[in-house]
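In order of appearance the chains are A, B, C, D and E, and numbering begins at 1 in each one.
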Amino acid sequence: KERIILATTTSTDNTGLLAVLLPPFEEKFNVEVHIIAVGTGRALELGRNGDADVVLVHAREQELEFVEQGYGVNRLDVMYNDFVVLGPKSDPAGVASASSVLEAFKKIAENKSVFISRGDNSGTHVKELDIWALAGITPEGNWYRAVGQGMGASINIADQSGGYILSDRGTYLSYKDQTDLVIVFQGDELLFNPYGIMAVNPELHPHVKFDLAMELVNYFVSEEAIEIINSFLVAGEQLFFTYND
Amino acid sequence: MDYIVRAVIQAVQLITSFDDSVISIASLSIRVSLTSTLIASLIGIPIGFILGTCKFRGRSLLTSILNTLLSIPTVVVGLAVYSVISRRGPLGELGLLFTPTAIIIGQTILALPIISALTMNATRDMDRVLWNTAVSLGSSRVQAAILLLKHARFAIVGAVIAGFGRVVAEVGASMMLGGNIANYTRTLTTAISLETSKGDFSFAIALGIILLLVSFSVNLGVYFFQQWTRRASIKTGERYS
Amino acid sequence: MNSNVFEIKNLKKSYGKKTIIDIDHLAISRDGITCLMGRNGSGKTTLIRLLALVEQPDSGEILFNGEPLPKSERERLALRRKMGVIWQNPAMFNMTVYQNLILALRLRGIDKKTIEQKAEEISERLSLYSLWNKFPSQLSGGESQKVSIARTLIYSPEIIFVDEPNTYLDEDNQRITEEIVMNYVQEEKKTAIIVTHSSDQAQRLAKNIVRLVNGKVAPGSPE
Amino acid sequence: MDYIVRAVIQAVQLITSFDDSVISIASLSIRVSLTSTLIASLIGIPIGFILGTCKFRGRSLLTSILNTLLSIPTVVVGLAVYSVISRRGPLGELGLLFTPTAIIIGQTILALPIISALTMNATRDMDRVLWNTAVSLGSSRVQAAILLLKHARFAIVGAVIAGFGRVVAEVGASMMLGGNIANYTRTLTTAISLETSKGDFSFAIALGIILLLVSFSVNLGVYFFQQWTRRASIKTGERYS
Amino acid sequence: MNSNVFEIKNLKKSYGKKTIIDIDHLAISRDGITCLMGRNGSGKTTLIRLLALVEQPDSGEILFNGEPLPKSERERLALRRKMGVIWQNPAMFNMTVYQNLILALRLRGIDKKTIEQKAEEISERLSLYSLWNKFPSQLSGGESQKVSIARTLIYSPEIIFVDEPNTYLDEDNQRITEEIVMNYVQEEKKTAIIVTHSSDQAQRLAKNIVRLVNGKVAPGSPE
């Protein structure tokens, strides 16, 4: 069997979506899709080096840059979910009453409540930095802790230190049982988390399986895939949304 | 403590249910780690022996360098090998990245320093008289080296076991070079790291327990093999005692 | 053929700054037993190491049967296999006595049947049967000395070096060892070079006596 | 290969510029790893010595178990300690989690098996005669043990160095227990893992090179210490030689 | 005070299935030299290991100065520090000769000055100065035997066991060692138990001769 390598982010793979989404494709084309689940930065680096055939990540700016520099072709928006702000039930900074995520972040900073940052250039980290920038705050000081770890581990650290954290909803849902943190803020447009897929440019890397890669990219936006994505539930909630409305 | 109790129960369940995917993951771990330990032993034991027994200028510098290599982080070895076998690297055309072979390459490099260093230590305290005895009984240099290694076999086997321990437990190189692809390059350690990142700590520990059981079986295998060779060697003369 | 097995010319060997062996000329006859004597630390064991090719001299020449010792490792190995050394300190490998005993034969790739037969022969002569399954650390001093003698004689070397044969042995075993060596030299026409501190023994056994003093051959020794 | 070349350049730049954060990361790594190696040596060397020299029933089983512990994955140790010191764990009140002390605890546990196992191997081949000699010269049991360890010091120092190598290079426990918090619990290996996940491979390798340099300095330190004690021991008798 | 330093009753010691020592009764006098003789493997070294408290018997009793050997490790250590064994095989620790020499004194926490003085004394008598900075692997056979003798005599034990004193020694050094031991017993009134294979030496030195045969005391030995 031929194989095609899909580099994606840990959070995407950990939700279990790909495990239901890919088998129909694999069967149809008699191919094995090998998933390399890593950080966003590393996924794009694998694409740049030609070590992956397809890249699926959630960091729009970086994706566009990736395509602009000629590493990726045929980038498509696949789906989106959203980020949520997690915090302790007691909500010491009173984030729940905020009207926007910017206000929520301001409250945390003013209150000097502990805030855990991924600090790893992941899609989530980049989003968090965007929000701080828009809120006009340079986060620094003892309350702001960059831990440089994956989403799950970071949630756990936030839980242990009774702090706030920005998380993608998928990871939070799969962690729900094991953490005391709750969603203290959600629903702002800014927290929109779009996923994009793209094939690695065969002109730079002649060895990539471009034809199969294109089939896979197209499959992600096919009727069949959309159906699967929209009916995919975690803890009874729909996690990913497509653009077909 | 919670996690640990739950982990033990889960480990028992996984083992008694002969879970297919766990079996395939465990068997990949064993295969890959045994292969790399074997290759590293074939290269590392002679290197260690030479460093341990031959006196030459710069030996103590080499010793220090070898000892330093003990502390090379697994992910750095992973990265270094990656940069060679990545598509852009000099060996990119072989398409080794994200295959079990890639893991074996990385693990071999990881096992080499520890096996050499421990062989060096084992043969360093050894008596010159033993070498003279071996040589005067008619050993070629290679035969004499083998005899001395046999003489210090506890420590040599220990070196190999430590090498195996290092690679079967490592995750950095396996993750980097194998990619943790389900049913293909997922080893016990990359699976553990995956479960940890998912937050399923007790499942991660359960897999850790399975890894230890796997490793225990390998160690028992080594033990029985040693017993058996020893008994066999005694058998030879049994008639007369 | 030359009547000397060894002829030594200007041989020197040092450890660190100290010269251990410094022999202008010395010939060792093929026939009979040559006894090597000298005070502790005079260089007897070192000389054996040089003659038996387990160590290289710093300078000088050793002729074996009239020819210089070979340089290539292959030829040196072939030559070493004709020699046997019973070392002063009976170091043994951490294997059973039987395995230590037949080691030299195994190294030479001798067939199993011959090995068994030779092991029985020598064990008979030195009463070693009961030790076959022991490990070296379980032997008494005299027992290890006997094994050490046996494992060298088992392959019938052309030339044997014996560094203090009496060490650890009781009087019976000393006599047996002496007999074996005498028989070896007289009946089988092999060469023996023996280090001993006993003037009596030297008188009894030796055709020639070489005396070392601080690494030099004392006057009165042959040549 | 690209990465490696760039990494070397970057490493040189980092070192020559005395980058503050790199220095603090490196010094934390050294402090934490030396401390845990020291503690593990104090516990592990006696354990290994007893397993190596005392004969008792069940010794070979214990040996196999000890050898098995060599292959305990770092992240599993991390998880196990985590479940004890996390806020919900039995020692949660001490507030150890995500502090350097937590890393030290994890690393000590990691270094223990390797130091004990290698000490065991080093003392196992040792001659009973040496023990008898020590005892008959008037050593207490402890003094005799110390003498035998001194006799086999190459291998014992080797065991300690291997233990240090293991902990300074490990990432699983440091990450899990320290939390990789910038300026507080970020060690060289957790920083490397962070850079790797960012895709900044050459920076990761540069940090790896710094880690090796750090470790090389430690090894040189050990080497010079050995030379110095040896010279000192010879000095004692110098007048007379 | 009892005139016997050791009295042995029904002493047994086995290795595996084989009984090595099986002594019904044996008394060793405090005065003069007792020589222990017997064939290789008859159990001499094993008996010394038992008497010098480095090994425990399987059964039976050893009386020291009329009292049973103590059970507590503390008392056993105190007793062991009064005894000295020159072992058959001069095993040395991988430290300089000087350090090996003064080891027993260091173990007893003797002060530095006394240590230096004693080291010089004994080195003078056995000509050891030139060896002080060597490591054991650099010694000749006789040199290591001399060091082994010196490191035991240096702390003047009440009782010394000497397992084959002549091993590796040249005739001069054999004579010197004999003199030292004789002097030790006659002038300093200490007790010496010597294993030797030489009937001549036994005749010359011993007040009493004990003969072991297969671990039993042969008839004709004292008691």
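Note that in this section a contact is a pair of C-beta atoms (placed from the backbone, for glycine too) under 8 Å apart; a residue touches a chain by one contact, two chains touch by 3 or more.
Everything quoted here is computed from the prediction, not taken from an experiment.
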Given the touch definition stated above, what is the smallest step count connecting chain A to chain C? 2
Show me the overlap between the contact partners of chain B and those of chain C. D, E
Specify the chain most distant from chain E by Cα centroid. A
Greatest Cα-centroid separation from chain C: which chain? A
Once you count every C-beta pair in contact for both, which comes out on top, D-E or C-D? D-E
Mind checking the centre-to-centre distance between chain A and chain D? Centres are C-alpha means, answer in whole Å. 37
CA centroid of chain B to CA centroid of chain E, Å: 47
Where the centres are mean C-alpha positions, what is the separation of chain C from chain E, in Å? 30
Scan chain D for residues touching two or more other chains and write them down. 125, 127, 151-152, 176, 193, 196, 201
Expected list for chain E, residues touching two or more other chains, is 89, 94
Specify, in ascending order, the residues of chain A that touch 2 or more different other chains. 150, 153
Go through the chains and record each pair that touches. A-B, A-D, B-C, B-D, B-E, C-D, C-E, D-E
In the complex, go through chain A and note every residue touching chain B. 5, 10, 14, 32, 34-37, 49-51, 150-153, 155-156, 174-175, 178-179, 205, 207
Spell out the residues on chain C that touch chain D in their complex, using ranges where they run on. 94, 137
Touch list for chain D against partner chain C, complex: 125, 127-128
Flag every residue of chain D that touches chain E in the complex, lowest number first. 127, 129-130, 132-141, 143, 147, 150-153, 233-234, 236-238, 240-241
Note which residues of chain D are touching chain A in the complex, please. 86-87, 97-98, 175-176, 179-182, 184, 186, 190-191, 193-194, 196-201
